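Consider the two complexes below, in which chain A is the common component and chain B and chain C are the respective partners.
This part shows the complex of A and B:
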């Protein structure tokens, strides 16, 4: 890690550090007000938040630990199925579905992470893909339980009950958006807290130079495992929200192609930046939403944009602003 | 000195260009909004890409022809129709998202979806949740108008039970009772094979089979298994490009000498895409372009030919009838309200210029399933006209093949 970068991270002027976060939260909190004016809709905003959360979850591993996973869709998808199966077979509770979704994806990630964390470089990436595809094929083949290719239907998010207070997130899209935003805020808050803690600093040390970190007595494998596991819990939380958003689960939410899209979102937005993946996810989801109505080749447009970003803004869309603002 | 092959594009230039392009996108709707009457928006979701793309393209073309005809004759309730086509990419999750987008963003008054039964089935859940009028032009799986029927969902194409019941006796009579199935492992294939097995076992037959992913490319392992089983007839239940690939490999293996071919659907788009040796077998056809003496069929066939330079297929007819059914429902209800349109379409008999086939064609009240004639017959290499690849042997009334509403398990309930 260069001296300048360390200074940027540790001694960034406080007046600049809160500004991006303030802008992001104002934009997100006011989204239902201004979205219809620009041709958007609240379900799209919820989708952006969900994909933003999974991209930020991946970035916890990729951007802040320096390890590339190409199989994060598996933990996202397990979150989707965890929530869907809970609502379908166990209980009509949205919060319980969210909890079970997070636990399913997170626990599986924790167990598999122990096996994956010792691998390095391309082998790490390959193993993450391989494990991810196992869950895809299970969901695809297990017709009687997961619905197979047809997907899991017959469940719906339920209103939230807090004593006499009932919040109807089932029928009110705006309320559901704020529910997603609340879960997003909790996850992001936790993520920021972890990254600001000594544990987070250690992850950055691992990212910058694993050999030097090991010489300093840091248990590199264990930190990568912990980072992978935490990242999987956040990805699963995004997955559970996705199931609640669509009232539907399908095997493509576990597929490696989605893992690739999550990587694109993180890299396009800026993987050295905390908010970068959210920006990448917003660009990806909004472009997908609009361009896919105009042409079936929308993925080519995303690909072209990705190439342009990598060529002209190698630090991602938000990385450019950050560099300009950095001392 | 470095040579520049391309003019240097700086970051600032790129950003300025992007901003200008973005501004154009935002500015353009204000020009569009200056038009007079607001059109009625119809969302059409189909797998424009993927193994079912040829079938989907025909459905969209049929729907576009219907929209053009309706708009030319004054529209629906005095308003023009606007067709918004979305690609479900043969993926259930994408289809569901597109349905939500069309309903939430574009505020469509009707949804048409999808060739893929699983997508149609999943979208029916979304449209019923949102209370939007939904027509399924070409997704065949039974539960859509069976045990999971919904008040807002109507279907144009046959159910898998109707298609399997229409052809089973013919296959047994012509070839024998030992069958081998090659079936796609999703909603359509599962209920189709179930229908065939029910018919076959009732006639004392035996069977074997493989269920494969919908987009299977290599059928060699399954075909070897089929050859070893020595069936009287091989039922290729795959759809679109997968069915075509399976047929090609079937003929490459020389299996046409050992067993007959047959099944529910071998559509015009697929028959014309396989080698002549595979243009064989006995199948059902849900609509056929060559119906001499049936009023308005020639006009429709000419209209499709003029618009697309293709022969009219059953999929064109599905899309065409789907959009016309929306018009008939809206005009009968004098409203675009989903519940009123659904009530109005129940039991409605299609006029001859929409039905385009002999006999009474109507939406059954109890399950919202269109009841047309089902044509059974033989596929063969072209005779004269390149599209003359099927000869109708019999027209069976849909209701006879489809069973009763009670048998299919539909219990229609409307919102209070």
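This part shows the complex of A and C:
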């Protein structure tokens, strides 16, 4: 008798678990079809995916390991410059630019993460900001190499060559959107895979109770470091895509104000839910796009929305929907 | 060889001597209770054994191996599991998930991004077994943060057991419980000791529990060892009566 209760209790939530993912993928795959009807355009959709990816990358750390980074723009920005510098100086392969962007941000994150992961609470957050700003000042002042204050120009994404097959993501915005979506899907799939594994559950254990995690035999510092590093690789992937989207590397993509925006996206969307940060990023980017055409003070509108969400829906926009959906 | 041996452990915090040269030997299969008035240094002593912090001086050995300098998680790998005076669990997860994480970490899967079907089935079986042992089957799907205090303590003990420890340390397992819950937890500890043959060290305030369960009792007072013996010896010890059980009747 008791086993049947266990089974029903455990199975009830898993049966509907595929539903949010199915909705997200249908919306994303069909976006170029319906977007023009509602006044959107594919570059905006690509921008949503890029910011959604970096917000989800941050949330791997924030929502699923319970550690707050205020410096994730650094690894995003290193991805931007890694891709941009590759195309500008080394090769005209889009895929190589993507790879080098990911490696630059990810490896720097792995090295710095080893120093950061030992800190706790507010010290952790402060150290992430401090390290983050270092790269902003490097990009800002190294005029001859990074373009300094004006940013890095003079490169553009190149068509993809697969043997005789050429996919012109350079000029066709819709094809580029699907390229971004493919990279996004691989990254998100990897994240979901990791979070559903024993390793992923140790991260959630660290989030829930570090003392208990330690006395179960989990090396808490090492797991925070691993989570931080993994998160940085995904943030850098988003950054590399951002460079390809704009054909431009902006030093502001390394600035801590962007780190703050990434945190806002994740928290506003719902950091306890897997898809929450994507929803937060979509709301953020779309509002930014529409409101900034009307007023320079678009940030105060988003700020107001953020305050309202935090006050009335502390679980975020998607957290509210999930609450309603499952009693 | 003793399962646990503590030699002259001392812990000072500044000028405060919290534990003062305490020694202790626990044989395999023994249930040892540590008692003493508030502030006697019982929890600090526990923290020295489990590696929460290192002793100022002295040595701690498990089955003859010196573990004084090992970290908490290295001690867990050597078969030491503990619970806390204030329950430490994963509040937002279900009872099943709490125990499953402990089973997986105890099986050495903490860094595994993937486990096979067989390993997953073994984990599931071990999780359900542990839940059954602690009487939590019917609550497996409930969020552990919503459970009663007594069930949360049972869940924490289940997590410790899921590590398949050779030495189980329980810090006031019945603290803050009513009659019924105390009875349940005492029954669980008795089963673990008598049927599953665990070596258990526990700190406890409830004297009925202590004198019913313990093979031997260690009494601490003001950080120092006051007495050590069978329940019979302890109840007849005049020093213990004076310091702890009270003479002012």
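Methods note: the second predicted complex is superposed on the first by the 314 of 327 C-alpha atoms of A that agree within 3 Å, B and C clash if a C-alpha of one lies under 4 Å from a C-alpha of the other, contacts with A are read in each partner's own complex, and residues count from 1 in each chain.
Criterion: contacts are C-beta pairs under 8 Å (C-beta built on N, C-alpha and C of every residue); 3 or more make two chains touch, one makes a residue touch a chain.
Model, not experiment: these values are computed from the prediction.
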First, second, both or neither for A:248, with chain B first and chain C second: first
Which superposed partner A:199 touches (first chain B, second chain C, both, neither): second
Chain B versus chain C as contact partner of A:216, first or second or both or neither: second
Which of chain B and chain C A:162 touches, first, second, both or neither: neither
First (chain B), second (chain C), both or neither touched by A:312: first
Contacts of A:38 with chain B and chain C, given as first, second, both or neither: first
Touching partner for A:208 - first (chain B), second (chain C), both, neither: second
Chain B versus chain C as contact partner of A:153, first or second or both or neither: first
Footprint overlap on chain A, comparing chain B with chain C: none
Of chain B, residues touching chain A in the complex: 11, 14, 26, 29, 48-49, 84, 86-87, 89, 91-94, 96-98, 100-101, 104-105, 117-118, 121-122, 125-126, 129, 185-187, 190, 213-214
Of chain A, residues touching chain C in the complex: 2-3, 5-6, 8-10, 193-194, 197-202, 204-205, 208-209, 211-212, 214-219, 223, 226
Chain B-facing residues of chain A, complex: 38-44, 47, 140, 143, 148-151, 153-154, 156, 173, 246-248, 250, 252-253, 289, 292-293, 296, 308, 312-313, 320
Residue ranges of chain C in contact with chain A within the complex: 50, 72-73, 76-77, 81-82, 84, 88-94, 96-97, 100-102, 104-106, 109-115, 128, 137-138, 140-142, 156, 159, 163
